[in-house]
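Two complexes, one shared chain (subunit A), two partners (subunit B, subunit C).
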Partner chain A sequence: MPIKTLMRSPSGVVEATESLAIATRRLASEPDGCLLVRNRGRVVGVLTMADVRAAGPSTIPTLAAYESPSLTAHLTVADALRGEGVVVPLNAAAADVARALRTRQQRVALVADGADVVGVVTTEDLLSALTERLERDSPPRLARLLVAVSPSPTVGGGRGTRTVLDIGLEIGRRHGATVTLLHVMRRLSPRIAEGLPVGGDSDVQRWRLAGARASLARLVPTGIETTVRTAVRAGEVVDAVLAVAAETLADLIVMGGRRGSALVRETICRARCPVLAV
Partner chain B sequence: METVSTLLGYDTPAVDADATLVDAETVLRARGGDAVAVERGGRFRGLVLADDLAAARPSMATTLTFGEVNGALMRIPVTAIMRRDVATIALETPIAEAARLVRDTGTPVAVLAGGSLVGLVVPPDLLAALERVEEDPRPE
Partner chain C sequence: MLVLVDGSTAWRVVPWIRRLLAPAGGDARLLLVLPPARAVTAAGRTIVFADQQEQSERLAAHFFLSGFVSRLCGEGLAASAEVRFGKPAAATLEAARDWGADAIAVVDSPARGWRRWFTRTVVDEILNHSPVPVLVTRTSGQRAA
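Coming up: the complex of A and B.
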């Protein structure tokens, strides 16, 4: 990638002998966040806010107390310049500029066309180029999906479940993601769901759990190209969905429900990943 | 998709939360880099940036001697300038995502696994990644 496609042309120029305080005020209103520094008619470097902070009074009040404003007023732009400016030719590649900045521990490079400085390239510009390049080569995708379904017809199964499932599986197929199908049973004992011993109506609850697991497994179409796992949890729907989303490091939660419903709203508010309400 | 785990070295520059600014400067001088991680009891607490350490040092206009400045810095804890609102990512985070975070926040990002620090992603790591992908002979 040629550097001339990344560079910017800062309009601000300061003299190396100029007061640092005045240059700082100009820098604050500079859209590019830097000023070219000129000495005896030649551009010798770039002034950034980090340079100003390093050269200016201490940020620790007990140390700054020993820096009288009458003395700091004499600081100049030259006092703030750190090292020789990195100069690269206009036909340089982004990789060359990245190497020059990295090895010389600088953040801005001056781009020169012959003897003239025609622009600057910052580390931020190069990071943008890196992001663009990587995402072009390998577009971002979802790796793990959590699809919350209710396979029982008596609690909202049927057509709604099929829609959520179909959409979840289609997204999973397109992204090559691992899909976790989750069913939350509100009236199931958490101990039963975890396979722990309980008394009383444990047989009935175990029977319900086995039924739910079997129903969930039947929802998974045969011959599907993506990996599908199933999970059944006990407890409140939102808590269980968020817990499984965290366990599986889900990149997206797909769930049924109207967008404005309390269940969807609470899930969206508390989830650490995007939520798609179908 | 390449993840940040490929960027991390074996040893992350770090100091304890009780360390002083001089301790942090010493680690940075010895190891290089843009930041030192601050930990307490093995848990990540924040970052001390090289820029913030430079900004903490008095300017040339100080009336303190070199020895007095160093003496003062030896008494100031790193927590005085530590950045607590640092972006954190997991080892599986794509490099592109980390680059975007570093660019947008202007600070390195911490890579955590189970609440413990496993590395820092700093601009030089990402510039090296750019060199690598730009010089990759694969056709575009």
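Coming up: the complex of A and C.
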């Protein structure tokens, strides 16, 4: 990638002998965030806010107390410059520019066409080009999906469950994602869900848990291309959905139920990833 | 997928749309809903009529959306932009119906604390009345795409 496609044209120029305080004020209003520094008619570098911060008084009050304001007020632009600027030709490759900046520990490179400086390239410009390149090479996709379903026909099951499941599995298939089917049983003992021993009605609860697991497994169509896992949790629906979403690092939560219900709304408000309310 | 955006939240939802639709392919329509324009009058004379005002606002909105549209198009998606005037929720549902959207994507800026239970947002309206699935992302407290 040639650097001329990434460079920007700096509009501001500052003299190396100018006061750093005045240059800082100009820099703050500069849309490109940098100023070309000129010395005896020749461009010698680029001044950025990072240079100003590094040269100026400390931002830590306990350290700043030992710095004389009269000394920092006399700083010039030349004092803030970090060595000689990196100058690259107009037809240089982006990789070469990045390498030169890294070697010289600079943040901005000057792009020259012969003897004239025609633009600048910052590390941010290079990073955005790199990001685009990486995303193009491996298109973004959803890797993990959490589908909250209720296989029980009495609690929003039946047609609704099938729709949520179909949409979840279809998204999972298209993205090649791992789909986790979650069913939350409110009245199930959390200890039973975790396989721990409990009191008198443990057999009934275990029977209910086994039934829920079997129902959930039956929902998964055979011959499906994507990886499907099932999970049954006990407790509050929203807490359980969010906990499993965090455990599985879900990129998307697919939920059924009444869309405007407090349950869906609460999940939307607390989820760390987007929620698809079906 | 119909994507409801505004000036401050578009950057939040568009990357998710891109991530969701890029591997699967699909159409994305970015919808910006603006309040109805009013005529500008001074000293009893109309300087700008409401339709002229709407037209200029529409052009500005299309210009704003064009960046996001071209980014989505660059990913191989069929993206377009639409600007409507009116109430956001009603205009979104109407646009979804007109366009035949399979899903609606919105960004939620949730109210904090007790206000959450007493305020109804555009997202609530859309969630309650949408005939198609609704994808909700948040402005804060959620990881980026």
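By definition in this document, the second predicted complex is superposed on the first by the 267 of 278 C-alpha atoms of A that agree within 3 Å, B and C clash if a C-alpha of one lies under 4 Å from a C-alpha of the other, contacts with A are read in each partner's own complex, and residues count from 1 in each chain.
Here is the rule we use: a residue touches a chain if its C-beta (ideal position, glycine included) is under 8 Å from a C-beta of that chain, and two chains touch if they have at least 3 such contacts.
From a predicted model like this one, the values you see are computed outputs, not experimental measurements.
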{"item": "Superposed partners subunit B and subunit C on subunit A - clash or fit", "value": "fit"}
{"item": "Contacts of A:L101 with subunit B and subunit C, given as first, second, both or neither", "value": "first"}
{"item": "Following superposition on chain A: angle at subunit A, subunit B versus subunit C, Cα, nearest 10°", "value": "150"}
{"item": "First (subunit B), second (subunit C), both or neither touched by A:T123", "value": "first"}
{"item": "Which superposed partner A:S68 touches (first subunit B, second subunit C, both, neither)", "value": "first"}
{"item": "Partner chain in contact with A:E247 - subunit B first, subunit C second, else both or neither", "value": "neither"}
{"item": "Partner contacting more residues of subunit A (subunit B vs subunit C)", "value": "B"}
{"item": "Which of subunit B and subunit C A:T59 touches, first, second, both or neither", "value": "first"}
{"item": "Touched partner set for A:P274, first subunit B, second subunit C, both or neither", "value": "second"}
{"item": "Partner chain in contact with A:P140 - subunit B first, subunit C second, else both or neither", "value": "both"}
{"item": "Overlay on chain A, subunit C to subunit B nearest C-alpha distance, Å", "value": "8"}
{"item": "Footprint overlap on subunit A, where subunit B in one structure and subunit C in the other make contact", "value": "140-141"}
{"item": "Residues of subunit B defined as touching subunit A within the complex", "value": "1-2, 51-52, 54-64, 69, 72, 76, 80-81, 90, 92, 94-97, 99-100, 102-103, 123-124, 126-131, 133-135, 140"}
{"item": "Subunit A partner contacts - residues on subunit C that touch it in the complex", "value": "15-16, 18-20, 22-24, 75, 103, 108, 110, 116, 123-124, 127-128, 130, 133-138, 141-143, 145"}
{"item": "Touching residues on subunit A, where the partner in the complex is subunit B", "value": "1, 50, 53-60, 62-64, 66-68, 71-72, 74-75, 79, 93-95, 98-99, 101-102, 105, 107, 123-124, 126-131, 133-135, 137-138, 140-141, 143, 249"}
{"item": "Residue ranges of subunit A touching subunit C (in the complex, touch as defined)", "value": "139-142, 167, 171, 174-176, 251-252, 259-260, 264-265, 268-269, 271-278"}
